[in-house]
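Next up: some structures, all given as structure tokens.
Here come two complexes built around subunit A, the first alongside subunit B, the second alongside subunit C.
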Partner chain A sequence: MNILISGLITGSMLALLAIGFSLIFGVARIINIAHTAFYMLAAYSIYYLSVRSGVNPLLSMLVAVVAVTVLGLLVYLFLIDPIREHEGAVLIATIALAMVFQEVVLLTFTGDYRTVDFLITGFFTVGGVKVFYQQMLTFGVVLLTLVALWLLLMKTKLGLAIRSMAEDREVANLMGMNESRLAMITMGISVALAGFTGAVLAPLTVLNPYMWMEPLIIMMAVVVLGGMGSIKGSFVAAFILGFTEAAVVFLIPKGAFLRGSVALTIMILVLLIRPEGLFGVAFEEER
Partner chain B sequence: MDLVVYSLKKLYKIFRNEVLVLPSRVIVALFFIALLGLPLVTRDPYIIRIVILTSIFAIFAASWDLLSGFTGQMNFGHALFFGVGAYSSALINLHAHIPPWGSVPLGAIAAVLAGLIVGIPCLRLKHTYLALTTLAFPIILTGIIFALPDYTGGELGVSGITRFTNSLLGNYYLHVVTMLTLAVIMWKITDSNTGIIFHAIREDELAVKASGINTTFYKLLAFSLSGLFAGIAGGLYAHYMRIAGPSTLEVSMSFMVVIWAIFGGAATIYGPIAAVFILFPLLEFFRFWPEYRTMIFAAVVLVILLYMPEGIIHWIRDKIEKECPRCKIRNVATRKSCRICTADLD
Partner chain C sequence: MLLEIDHLVVRYEKAVLINDISLGVDKGELVSLVGPNGAGKSTTLRAITGLVAWEREIKRRSTQGDILLEGRVTFDGERIDDVPAHEIVKRGLVLCPERRRPFRELTVSENLWAGAYLEKDKRRSKERLEKVYDLFPVLKDRSRQISGTLSGGEQQMLAIGRALMSEPKLLCIDEPSTGLSPLLRQEVFDKIMQLKGMGITILLVEQEVSTVFKMTTRNYVLSSGKIIAQGSGEELMENEVIRKTYLGL
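Showing the complex of A and B:
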């Protein structure tokens, strides 16, 4: 039961992060290492607003997501867009950015562990295990967001543009889609998703300035395992890895050390059999 | 006597015609002289220590460039080779009592094996898939190390390793000369036929395959060569610091090497080395403001990248030299006509 709950929460967090990451990679070919750093920033802004300043938690979540999204767009405009042509430069720019965010958080909030209060308190017991309402709420909200995102991508014109850009940039450009504007919109969506993840998960996790490192790696594993650019793939892979982590932690002694290792080993084994991931499509090589 | 004068004259002529004509070559020559002559100027142990560490990381960054810059096999988990080199030479030294002269090469061989273990499954992967998968390997190894603290020391690492020598100068020349030699070897590799094939694999693997070249072999070769050099760097680091800890496998280590190599200019070998020699002492220098150290460092990298997205070395080279449009030979930027074919430059 513990495994189920913990797996669901980790899985839903990973799914949201991974989808945002693979969106911006698909559209703009940006490997955004700073993606989980935005997640951390959102969690910390909620901490700042609701715990330090005493703003209503719901309002502070909203403000945090908006603020992080605006920050993401600014970063894209001033730091990433000018060097878009050089993939390597973009890559290390995002790494450097993540380091800057980490240091800023470390300076403002120090390295202490912080927690955010639950939105709703109380719990019920299933099979001898406490299930907090907050956990159920988080899971529900995540599912709703995923459905909304799916609708956005599949049913609207913007979604069509994003998907076609991910499939073939040049043809999409020829069909009259504004490449750089679309990249910017996608960056906004992607960062907003990261911020939102931070917002809904802040009450359930412990905040510290290095909290972006671990989800980053597992998130990348999810993206690769599910297949680049496949939302369904990211979703399934996120829950596979989420449950694996939870199972390793609860079933194996010293499992906490090994949870990353086991999850990543699964990813490598799957990739050996299907190099394009579970649901990925083997694209024609870009030349 | 005549023979000596003759060969000296010839040497001077070669030097004048091959080195002095290009400012970049002059800079490289000055760099060699400066590194070898540094102990004449200062013997401050702190500075010596920084230069030694810089040299070790320069080998490490250049080995990343060999694999990822030249062959295009983006490796985000390069710390694996460093860590394997460090841990295995430390364990060999500690348990088999083999002196560093033997344990560092053995550690490097272990790193070559690690390169093959990573390389073989990754043969089928391309681009981003490869990059993100390689990131996983050092983390898996870290997990194993933490889970088996009896053999690996867990979080504390393996300590109590013997040093090469205890003399300051001996250590300095050992590391600096090793770095310069390995750098020249790596540069020679990339300048040879093999290097051209590496280059071609990055540009268009399909075309290389179509030309009848066994790309699988060359990709594995790149993985093992890169593993070899990174393993040597790891072994040197372990013996110099006298500890091989999990910090050698950290994600930030993998990211750092990517920052160094791309900051200096990928696919050049000398670019990453120059970048390490700029960035590592810079990071040390920022110790004056310890809280802001990493932040200033990252900000400097960000700002410089905005102006020189191809890497700092490419940028400087394009400022001081230009390429002849006809024969593709490089010339000093001040020349009006090419030094070889006299075509007009502009």
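Showing the complex of A and C:
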């Protein structure tokens, strides 16, 4: 039961992060290392607004997500877009960006651990396991978002363009899809998802300036397992890894510190055995 | 002339792919570009549809070398050589690319909808979809299938159908018969003739010269980036040098 709940929550979080990361990689071939740093910024914004300034928690979540999205778009315009076609440069720039965010948070909020209050308190017990209402709320909201995202991608014209662009930029261009505009919109969606994940996760986690690193690694493992650029793959792989981690922690309690290495092990195995991942497209050289 | 190419030059670094060619396509014509591998046929199509310029932009931005692109391309009375690729289709010029390249993870009908991306009126897109289904009934039967699982012949029909969804004035088709069985090749050529009968102007790149020459109004023979001959299929077949050296017949 514990594995189930924890696996579901971690899995759905990872799915949100990984899908956002996959989207912008798919559409514009941008590997955004700072993706989870945006997630951290959103969590800290909520802490600042709701705990320090006493703003209504729901309102602060909204403000945090919007602010992080705007910041993400500005970063895209001024930092990423000019070097978009240079993969190495994008990697370095986004790593640097994540570090900058980390240091800014460290300077502003110090390295102390911070927490954000639950939106709703209380819990119920299922099979002897305590389940907090907050956990259920977070899970529900994340699930709803995943469904909305799925609808956006599968049922709208924008979604069709995003998926076409992710598969074959050149042909998408021929169909009249504007690459830079789509990349910009996708970056907005991607960062908004990262910010949103940070916002809903904030009450369930401990905030510190290094909190972006662990999810980054796990998210990369998710993307590798699911297949680079495949949205369906990210979704499935996120739950696989979410459950695996929960199972490891539960089955070998003393081995809880092994959590992080599970993701890395899976990532290495996938790269060795099936580099294109579960649903990956084995990338064809253009032309 | 619907399409006019005037002194087109394309160079990738030091490799000259297109060396000063000029050609034209009139309304209602079916014109072919033939010639040996590496003659610059596909590059010509990529240049007029803006893909060479797009590639140049990427190369420049990633600092991986440069492409030189010179010359004038006029389509329907307007210059299009400085128009970005994604806006060229708006003007009615579309390319059905080499190796078909359907969006493999999308279903057949999603591929076709993608082809009508610029059409804002959903009803009109729907009408076009029905037209394409009439032309290629197999696509209708497989409309919900993931297009990566289609056979080569079906993928070619899909690629042509997708290009038709933009309701082009000029349809460029790059090597539609490659990799297909003789039977399917004939089917593809029959469909192309059917399109011509519907009044669609077509610029066709093909290796299957003997069949193509029977279909076309005019032909251009390319070799090493230059046009070395042009004329009707009969005229070109009479010229022994061209026939043996460049067409391998």
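Everything that follows uses one rule, which is that the second predicted complex is superposed on the first by the 276 of 287 C-alpha atoms of A that agree within 3 Å, B and C clash if a C-alpha of one lies under 4 Å from a C-alpha of the other, contacts with A are read in each partner's own complex, and residues count from 1 in each chain.
Everything that follows uses one rule, which is that a residue touches a chain if its C-beta (ideal position, glycine included) is under 8 Å from a C-beta of that chain, and two chains touch if they have at least 3 such contacts.
In this text the structure is predicted, and so the values were computed from the model without any measurement.
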{"item": "Partner chain(s) touched by A:33 [first = subunit B, second = subunit C, both, neither]", "value": "first"}
{"item": "Partner chain in contact with A:275 - subunit B first, subunit C second, else both or neither", "value": "first"}
{"item": "Touching partner for A:85 - first (subunit B), second (subunit C), both, neither", "value": "both"}
{"item": "Partner contacting more residues of subunit A (subunit B vs subunit C)", "value": "B"}
{"item": "Shared subunit A surface residues [contacts with subunit B and with subunit C]", "value": "82-83, 85-86"}
{"item": "Subunit B residues within the subunit A interface of the complex", "value": "121, 124-126, 128-129, 131-133, 135-137, 139-144, 146-147, 204, 206, 251-252, 255, 258-259, 262-263, 266, 291-292, 294-295, 297-299, 301-302, 305-306, 309-311"}
{"item": "Residue ranges of subunit A touching subunit C (in the complex, touch as defined)", "value": "82-87, 157, 160-161, 163-164, 167-168, 170-179, 230, 281"}
{"item": "Partner subunit A, residues of subunit C touching it in the complex", "value": "49-51, 54, 58, 61-63, 85-87, 89-90, 94-95, 97, 101, 103-106, 110, 113-115, 117-118, 162, 166"}
{"item": "Residue ranges of subunit A in contact with subunit B within the complex", "value": "25, 31, 33, 79, 82-83, 85-86, 88-89, 91-93, 95-97, 99-100, 102-104, 107, 213, 216-217, 220-221, 223-224, 228, 254, 257-262, 264-265, 267-268, 271-272, 275-277, 285, 287"}
